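Same chain, two partners: chain A is paired with chain B first, then with chain C.
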Partner chain A sequence: MSEVAVKETMLNFISGEIDATSDSVAIKAINLRGRDALESTAFPTRKDEDWRFIDLKSITRNNFVSVSSAGVKEAGDISDHYLPESLNTRMVFVNGVYNEELSSIEGLPNKVIVGNLSEYGDHDAVKEHLGTITNYENDAFAPLNDAAFKDGAFIYLPEETSVETPIHILNIFTDSDKAFYATPRLLFVGEMYSKATIIEEHIGLADNVYLNVPVTEFRLFAGAHVHHARIQRDSKQANHVSRPIAMLDQHAEYHSYTICLGAKLFRNDPRVIQNAQEVDFTVDGLVLIDGEQIADTHSIMDHRFAHGKSHQLHKVVVNDSAHSIFNGKIFVAKDAQKIDSFQENRNLLLSEEGTVHTKPQLEIFADDVLCSHGATIGHLNDEEVFYLHSRGLTEQKSRELLVYAFALESVESMEVDSVEKMLLEEVIQYTNRDLKG
Partner chain B sequence: MLEIKNLHAKVEGEDIEILKGVNLKVNAGEIHAIMGPNGSGKSTLSKVVSGHPEYEVTEGEILFNGEDITELDADERAHLGLFLAFQYPVEVPGITNKTLLREAYNTIARANDREELDPLEFEDYLIEKLNVIEMKDEFLNRSINTGFSGGEKKKNEIFQMAVLNPKLSFLDETDSGLDIDALKVVSDGVNKIASNDNAIVMITHYQRLLNYIKPDFVHVMMAGKIIKSGDIKLAEELEAHGYDEMQKELALNGEAQ
Partner chain C sequence: MSEETKALESMIGEEYKYGFTTDVEYEEFPKGISEDIIRELSTRKGEPEWMLEFRLKAYHAWKEMEEPSWFNATYKKPDFENLLYYSAPKKKPQLDSMDDVDPNIRETYEKLGIPLEEQKMLAGVAVDAVFDSVSVFTSFKEKLADAGVIFCSISEAIKEHPELVKKYLASVVPVRDNFYAALNSAVFSDGSFCYIPKNTKCPMELSTYFRINNMDSGQFERTLIVAEEGASVSYLEGCTAPMYDENQLHAAVVELVALDNADIKYSTIQNWYSGDENGKGGIYNFVTKRGICKGNNSKISWTQLETGSAVTLKYPSVILQGDNSIGEFYSVAVTTKKQQADTGTKMIHIGKNTKSTIISKGISAGQSNNSYRGEVKIGKKAHGSKNYSVCDSMLIGQECGAHTFPYISSQNPSSSVEHEATTSRVGEEQIFYLMQRGISEQDAISMIINGFVKDVLKELPLEFAVEANKLLDVKLEGSVG
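And then the complex of A and B:
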């Protein structure tokens, strides 16, 4: 007797109805699209090339319920997480739900919008751009966000406007009775020559299991400049699968920096699409993991037109039995000449049990390009450790300093003082744990 | 101050013996020079004394002010006042000279119940020490040895020595890679640091250095042992006749085993 194996979908790991139904035609269309895709898209297995190395057990052994039926706790006082630079440009989402009380939006330049997507469902920019660049083919995760999101951050910058203070999108996750899924959404539309800094944070307040599937969309028109920092400090039991995507028009600049500190399982698929000549973008990352954490970055730098400049420095520190995966694709289309693309993945392995998989993947169809890539996996250099040690520092302190130095460069690209300070403290905490070497 | 007795050391975890019975005694206020051909074990001796984990002491002892330090970690030895100026100073990207030196200075101060210096006091202290070696203050904020020229690295070692003010310093080929101007500056610096309370052991291949830093004793090291000791005349003899001659002569006299 032969049986056709029925493929599992995301829905196998979700309980209850997905109940989002927005009044906005645009959002509703995305919700419905998501529901269809959820049903028709197979959940990835180890047989799928892009999921070969990652162990998804911490997702598949769960049944995630919606936030409304998970018995989630209140956020309480979270003011410690506010950025002093963003006191009046802060949106707070608790488990994906917009919290107006904790948010503070004041004194924005004329016509700039920083607000809840659900209130701006009929805004032209939402109608035009929401969900247009996020079609991740055969993806089981983005559709969950599509299907279930109601709230979200909507940031709109009219032509030639700049928001001076960083816009802080603070996603807070609270303790809960049941494991839940949350669907933070962010749509950024920057018209010509607009400028902003976005700090997108994900913070787990407790140690509970949840599934965080954020989707962020950045549409930058000609000459728009955006600095986008993403800081992932989810609960150490959480699963975080994100889909950040950006599309750039001529002379646009998009510099993104993803910092991964939390979550049991982190899967990040950043994509930047060059939509016209002469753009400049960055897809940097810093991953500090230990224990049993898994962090997997599958990025795409998609050069479709000539004269693009792109940069990716992905730094990873692995301790204990943690596991890092990096797959960095660089696409250069046939007519995309004079692309200058740089990719480097540097891994620092602090333990015997840790694992690192790294794979650059270049698909270049143009002939006049400058693409460099490289990957290194190394331990702390014994001679460097001894040098510091011989000057009177304990061996542990010497190792700490070296790991700190390794991470420093990435932290310094945050450009927001309080964020840098916070991250340096995180790095110190990380290095204070046992560094086996 | 330092007394090394019948020191044998091998590469950790392997059967390669490098030091084969070194004896050396250094008193406060003295300057010693160790000369010897490539591969004779000079650097190994300095690393073993400073506690490098790559080597294992299999026999003998290293006494520092009467205390056997062979079991101490490198940092504990530094706290007692030992210092090694490396033959090949390591580049440490991402950590500035200033960061290292402040951490080192204060750690050593703490270990010796001395007052730590706060960042401002330390800055002043560093500037003062820069003068010893005529180094520009921009080096303070540069990553340790990273991108330094060969000569700058060597200077930086002596600068660190000046800052940490050790009791006993091994200077491993500090003169190699220095041009004549730098050699004078560095020698000058070392002479300023030298006092009746501290001691210096220089490792060198060249007699030239000894014209600028006058040693009280010169030792010749070969095949893991100090085979002959004397004064500055020994260095002159070496310069004139080379190591082979000296070895032959010793063999004739039945001194070398």
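And then the complex of A and C:
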């Protein structure tokens, strides 16, 4: 669309009314807050530093409607997507709406909650933490989620409780008559010394256009440990703009791994806030894109207190005319001494038409720290290809193997066997499809 | 080590060593900027019509532009209506020897320790000394003339070599490039011009000392260096300025053009007044420096030691247009007290097999903020290009900040870019180790810092490297420990 249209708010790309607010008091407050922010927040343009390189056309040329007026199809049988490890710890959301029939939650430890947010509006943890750490200033997308969500996953772990089986949050997107927006929401509250593994998946069943704006909030109290895998396999025509945020208290550990495979446009702004001394977190990512896909990650590792440790490995493979953007910020506040933070961004550019932008960024205000970052953009090493070739592999196979090896490191940190297996299949499909000829 | 250290220690506690003013009469010129002022300036300098047109065009472009604010620094914006855009010593002597130079000016140079006379001759350096905008002395002209090298003030070049100036001026930094470059194009008072003809190696290192001497005189230098096919030149620039309260603006433009197989090396030491403990006063250093490797196999190398100025915004860049061309950037930026530096480089790879190297070392102390901001861009046709960047920051004290903003983009699958950056401090273990070997704490710190910046300082020409080491030690005295 024209430049003028882009200078408007998010509402310019939405038609029809947003559905009525939630009946739950706690959610309604967030809905109303979001509606206000939607009107007052300008839609980003290329002049905004954080949106300089990304082409938002695939959002701005659409008019998205709410799920209820989009003529969405049924999900049907989606059992292929169930994880054998979490057969009884699975929540399924179809286009952002909770589906009880497809979900299965059984045998959780005492007082642990895995349920629909709309039913837990009165829970103290919801009242206290829902929407409190998401503070994306001047963000045009998070307010859409705030404004429209009703259902959502609510995971609550009391003190010293651990859930051994991975909790699977499965977001399914179905075919539709009209382009729609969906607002999956996830609130995780882990009390002291609790422990869990969360697999958050986004799967598009068809090839339709939609706008997925998930917001996930993780509040980890002292000593809580969370492993959070996020797998994005949206429709190849979809737009996915996500805002995952985590806040950590002393001795908390939060390890997140984002895998980007689908969507035409993927924008991910993960943010981890160190809220007390001595925390440890990971913000890893793997991006495999081709065709005309755009994947943009703007992460923030926000060290506000001393003795923090953080690690980020962001790997990207770009083929065809795909475009990858990475901006990783490491903030170290004044007096946040003894921070050990490492960030690495490795890009593999396979095609003439592909583009890679990267901007690792350090902003350090404390002197006794060890912070470093590295960024590389390269191609497959000719010598390595030749070596494998000389061992009898075809050139194509050699290239496939090298790309597979490049991606493997990120996949191996999944910790859940079936997820790892599934992802390796995806990687093989990607390399087969892309390295032919 | 110890001799040198003693010399260093003698400087301890010195405030701004080069803070003094010289009493020279100035030609009066009205403050502010307007078309009339530019006409007046051009007339006084006796410029041809085309130069006036160039200035007026730039002035109108500038009027439409907005002052930038994207950088990581805050300061009181200069009042452009209250600046003096031209100042030249009243007596403009025609000089045959140093004796004819105004004794006050000569004294200034001596205080600065510039070996303009015998020592410099022995050192083999020709000096085009710019004293507040107008060249007062140019030495070694004959020797350079024998080699065919043109080295003169830009005002002189405009009159005597108009075809060269017309061809290259604003060819690397277009008039509309940025706010300060446009302003400079409109009102630049003087600067240096250097032309190295085909297959000539410049017989000596060329050097210009800038000196801001008149309160409220915005200094707008313009430097243009052209190296023809197969030519090579090394150029030094060093700066000091007196102690004033009012912020002074310095918005220079430097353009380098390297044709086939040419080689230009440009080194800078910048030590302008950085303001007092409370951040009062100090120079604003908003410089546009850019070189273009126009020809194949050409090379441009920037080396800088930035220690002064209240606010520095400076990004010496290289456009690698010719195939196999090379761009280099070596930088040490030191900030103390309340200084703010936002500096770095741009390497734009356009030609095939182009290579660039970036080594940037930032040291922040006191309450200062030091940012590295760089861009590496590999274009679609830059097959087989390579970039290697390292930017390390060192923090000294708990109230300073270090930032890195490297922008990297590639559109070519046969090229590779590597970037790494670290932030750390002078390690207690390192100091302890050196001290238990019998080295004093101050020497130990000095050694560690020298080690940290070694990769950059070794790129400086020898006489500059000595000065650079001195500067660093004086600058960081008392910051550590």
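Throughout what follows, the second predicted complex is superposed on the first by the 427 of 437 C-alpha atoms of A that agree within 3 Å, B and C clash if a C-alpha of one lies under 4 Å from a C-alpha of the other, contacts with A are read in each partner's own complex, and residues count from 1 in each chain.
Going forward, a contact is a pair of C-beta atoms (placed from the backbone, for glycine too) under 8 Å apart; a residue touches a chain by one contact, two chains touch by 3 or more.
None of these values were measured; they are calculated from a predicted model.
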Query: chain B versus chain C on the shared chain A, clash or fit?
result: fit
Statement: Rounded to the nearest 10 degrees, the Cα-centre angle chain B-chain A-chain C in the superposed arrangement comes to 70
Message: Per the contact definition in the header, classify A:Glu137: touching chain B only (first), chain C only (second), both, or neither.
response: neither
- request: Please indicate which partner A:Asp77 is in contact with in the superposed arrangement: first for chain B, second for chain C, both, or neither.
  value: neither
- prompt: Is the number of chain A residues in contact higher for chain B or for chain C?
  reply: C
- request: Pick one for A:Glu395: touches chain B only (first), chain C only (second), both, or neither.
  value: first
Task: In the overlay, answer first, second, both or neither for which of chain B and chain C A:Leu349 touches.
output: second
- request: Report for A:Glu106: first if it touches chain B alone, second if chain C alone, otherwise both or neither.
  value: neither
- prompt: Now for A:Asp23: first (chain B), second (chain C), both, or neither, which partner does it touch?
  reply: neither
- prompt: Between chain B and chain C, what is the shortest CA distance in the superposition, whole Å?
  reply: 13
- request: Within their complex, state which residues of chain A touch chain B.
  value: 381-384, 386-395, 397, 401-402, 404-406, 408-409
- prompt: Tell me, which parts of chain A touch chain C in their complex?
  reply: 49, 53, 334-335, 337, 347, 349-379
Statement: Interface with chain A, chain B side, in the complex: residues 50-54, 73-75, 77-79, 84, 86, 89-90, 92-95, 99-101, 103-104, 107-108, 111, 143-144, 160, 164
- line: Listed in rising order, the residues of chain C that touch chain A in the complex are 70, 378, 380, 393, 395-425
